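Structures incoming, each one as structure tokens.
Next come two complexes built around chain A: one with chain B, the other with chain C.
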Partner chain A sequence: MAEKKQYNRRDFINNSLRAGIAVSLAGITVALTTRALSGKSVWQLNPAKCVQCGRCATSCILETSAVKCVHVYDMCGYCDLCGGYLRPDTKELNTAAENQLCPTSAISRKYIEEPFFEYQIIEELCIGCGKCVKGCGAFGNGSLQLQINHKLCVNCNQCAIARVCPSEAFSLVSASDAYLYQGKKM
Partner chain B sequence: MQNRTEKIILTIVIVIAIATFCYWLYYNPVKDLTVNLPGLDNRPSKGESADTMAVIGEKFKEYTTYTSSLTGKWPRFRGADIDNINKEKIKLIDNWGSSRPKILWKTDLGEGHAAPVIYNGKVYLLDYDERKKSDALRCFALENGIELWRRWYSVNLKRNHGMSRTLPAITDKYIVTIGPKCHVMCCNPTNGNLLWGIDLVKTYKVEVPLWYTGQCPLIVNDTAIIAVGGNALMIGVECASGKVVWKTPNPDNWKMSHSSIIPITFGGKKMYVYCAIGGIIGVSAEGIDKGEILWKTDKFKPSVCAPSPVIIGTGKLFITAGYGAGSAVIQLIKTDSTYSVNIIQQYRPSEGIASEQQTPILYNNFLFSIQPKDGGTARNQFVCCNPSNCKTILWTSSKADRYGLGPYIVADGKFFILNDDGTLIIAKASATKFTLLDKAKIMDGQDAWGPLAIADGYLLMRDSKQMVCIDIKTK
Partner chain C sequence: MKQKLVIALSLILLIGVIFLIYNDLFNGNPADSTNATEYNLEKLKQIDSSLICYNEVITIDLTMESVNALTIDSNSNIYVAGDNEIQIFDKTLQKTHTIKLDSSANCLAVFDNTLYLGVGNYVEVYTSKGVKLSRWKSFNSKGYITSIAVNKTNVYAADAENKAILRYNLNGVLLNVIGKKDKDKSIDGFIIPSMYFDLAISAENELWVANPGKHELINFTEKGDFRTSWGIASMQTTGFAGCCNPIHFCMLSNGSFVTFEKGLDRIKLHDQTGKLECIVASFSDANAQALDNCSIGARVHDLATDLQGNIYALDAKDKKIRVFSRK
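Right, the complex of A and B next:
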């Protein structure tokens, strides 16, 4: 009759260590495989961390920043008094230049029906200064958000804006899921 | 030869100069620029709205009769003394104990922020009935939430950050409401009988405020006091007859804000203070000059103003507004029989106590508020200051205790604070520091902004679509 082998504490520790190493290796393998399959990484900024300091407009290596304002329509209130479009102290709610918050008039406003207005970003004019994002976040629903436009971004090894971003809002994300809007993706 | 060369060079220079001049003359360096002028959004001109005329109070339905032995009253916006402090001698809970707060009753409402008043065991609320597209004055029993009657009239509204957002004013004989599109209605609170109605847009050419009316009416000596805009700045309407007994002119064409009228007495004179879109005004509330302008200032004129003025001293008022406006402290001055205004403090929201939507509370000589989103490092925190210097904040709730645009009220020495998501917070009402006693999620909704009401130990609160009643009496 075969003698039953004693399973002592040393065996238990050895087996546990082996199992731990195996699980770790498997995890690393899965992570690396997933990353390899998902393609390259690209820079993107997280709107939840963005403090609208204005450096996106001035620190990008491109002549006009690749960071642009995007409008997440499902979050918008379509207000007449839009904190992202109008200066805070404006008295007239109209399209006159002196009432607009955007320094380049990159937001167009269109009457839909009383009392709603639609706001569209004119991307060619947007310099990514974030003034509208700040206004929208302060008084509205936060539907205006800054994002790196990957049709324009040259994806530097080290993003020049990420280097100076005070809130560390920039990170590398998978190119297959390159935008980090809050709210529904457009 | 040399002469000829000189002539050629001279000719070339002249030709180049003429060409350069012509180019300069005809070149338009701003040809690619567009001019941003008013009207590029295709907004239709005023008066093109196809709104149908409302027949105020046209329909009525009684569901059941009810009598109550309760005598508690929360009869208007910010309570009987317009200070948002419940002064009943009823002991209220400090915490929720081990169990979740028990909801006595709840009822569905139209989307909005309109809040109830309480009077002798009955609850009154000007709701918006989305199905019938009507403003509806609804009366409920406080103890069980059964609807007793409703009076309504058709008004077509579109969702615009909620629809309803006002509180009625009630006395023994009258209840006065203002609907989202400036329809004023007066009824008998006992049986719901219609007494009269005024369409302010039709009668006074009022511009309906952004996101609809937020002003809550006031009843003083059986006269409804309404801030108007348009052809009059303020009116006094006799509740019994609906007759306009006095009318304040509006020479500066100021507009109706979301703020409500506050009665004050200064220099032995009763007056009504109102923060309009355009400036702040004091209107005589008594004597032969009743309804006349006593003083006004346009030194502080926010583009949107929801909070009402807060009395913080003798003739001293704290006025705050959102959307970057900040706050101002004004001091009234009486010289012989004339009044003037001195701005003591005026600052941005990040520089001192401020509020975007709710009216701050003066309690035990200290001012309490929730800082707006643009309130700097203290943003969204519950804060306290000594009104002698509103720029110095004594304490804040903490970064972990941030709140939204929801209401807060003082009762039994405690603050009851409602967060946007329906979480009700109980905190000690103290000027020393912020002491959180307890909190509990009461509702699962959003935008819980309607003011709280407490009477007879019952607390009424709402989110954007539902009103609930909880018993907060100590067992």
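Right, the complex of A and C next:
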């Protein structure tokens, strides 16, 4: 009768190490396969969830936030009294700095025909605070929307803005379909 | 001795640093911090409570996914359009029956037990029991009817896409188009930045139309001649806020106007000349943030009044009819 082999401490350590290595390899394989199948993911914010709290302007790791306002022209009413451009209770409807809602004057206003005006975002000046987005959403058609600009975003593993976003508007989306604004941007 | 002191001080310093790191990582509450770039609409929504002259007395819960329009007949029956149906409530606020529709109605009016519905670019006519009588020919394929009103000779339909009022007789024959830009008649045309374009007929059978982009209400004759207008743009309660308001209005039997403004979500009562009389209701409340979250669009989708002067607001967020009575 064969003598039963004694399972000693050395065998236990060896088997544990082998099992550990096997689990790690399997995990890495699964992770890499998932990533390869799903393609590259990037951070983006969903305008339908955004509450325009202003943290996009201050929480991005970049010196000037990668979040910018985009203007979806086909939703715009081209209003003279634009809730996204003018401060509430502005006396004059013109481009004077004291009348502008945007803290950095990042929106330009151009006369089209009476009484319509076109509004354009100057991306270099936009800090992504969302004040205009809030004004446009409340009083207008919601044609101003915040989005992460992927020419600027460095796509951190954990987006610093997503961590503080009170409405959980940030999520990872496929890089091939990286923008979530509603309507058509021209 | 000196070495022990250094070690003790180092330990205290280390504990302090650990505490600060812990506090920074786990106890920081960004919601409490003020943000200079935040746009606080709640401040703008605050109004003087002494101006409020109505009490909310009843709410009627609606079993609809989306609610579009509201009207009340001369017997105080309430008609609500939403989803693909019309729900009808009697004066005891009990639901009496439901009329199923092929498509959703954007607006409705009732006269002499006949329902007139604005559906897309055409008008449909039903009996108050739900029998479909007719579908009128569209003005054109692009139209979008957002409001409808009826008296004993005319049906007026507000077409937001064509920026005009379509006047029909009760048989659906188009009689004339009102409000198109016409310099000879001193009519500037309607400015309608979004799909809100309302009208009403007064107790004196006068046609009033909202021109939201100009922040005014306009009175036309039935032939389409401009008679008068009132309204100014202002964030103050005396005027209409934002780019384009009022988006809904109705009229009391004494000729007063009840208006609703999107953005600041307030219902106001104006006298026959347009002067602010008082505030009916303001939706600046604890739900305001949630409303902002669901964002674009107005909270109130229609207004109506009954013969007793009560005001009915169709609350699209809570899916309720809110009834307000004078204090």
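Operating definition for what follows: the second predicted complex is superposed on the first by the 146 of 186 C-alpha atoms of A that agree within 3 Å, B and C clash if a C-alpha of one lies under 4 Å from a C-alpha of the other, contacts with A are read in each partner's own complex, and residues count from 1 in each chain.
The rule is simple: a residue touches a chain if its C-beta (ideal position, glycine included) is under 8 Å from a C-beta of that chain, and two chains touch if they have at least 3 such contacts.
Bear in mind that the values here come from a model prediction, so they are computed numbers and not experimental data.
Overlaying the two complexes via chain A brings chain B and chain C into a clash.
Of the two partner chains placed around the shared chain by superposition, chain B and chain C are both touched by A:Cys79.
Looking at the shared chain after the overlay, A:Lys110 reaches chain B, while chain C stays out of its contact range. With both complexes placed on chain A, chain A has more residues touched by C than by the other of chain B and chain C. In the superposition on chain A, A:Lys91 makes contact with chain B only, while chain C stays out of contact range. Residue contacts after overlaying the shared chain place A:Phe139 against chain B and chain C alike. Contacts of A:Ser167 after superposition: chain C is touched, whereas chain B is not reached.
By the touch criterion defined above, A:Gln100 reaches chain B but does not reach chain C.
Once the two complexes are overlaid on the shared chain, A:Ala48 sits against chain C while remaining clear of chain B.
Listed for chain B are the stretches 61-69, 151-159, 187-195 or 331-339, of which 151-159 clashes with chain C, judged after superposition on chain A. Across the two superposed structures, the residue set of chain A contacted by chain B and also by chain C is 77, 79-81, 83, 88-89, 115, 137-139.
Of all residues in chain B, those touching chain A in their complex are 34-44, 49, 158, 160-161, 210-211, 303-304, 322-325, 372-374.
Within the complex formed with chain B, the residues of chain A that make contact are 77, 79-81, 83, 88-92, 94-97, 100, 105, 108-111, 113-117, 137-139. Of all residues in chain A, those touching chain C in their complex are 48-49, 51-55, 57-58, 77-83, 88-89, 101, 103, 115, 127, 129-131, 134-135, 137-142, 164, 166-167. Per the touch definition, chain C reaches chain A in the complex via residues 30-31, 35-39, 41, 44, 191, 193-194, 213-215, 233-236, 241-245, 262-264, 289, 292-293, 295-296.
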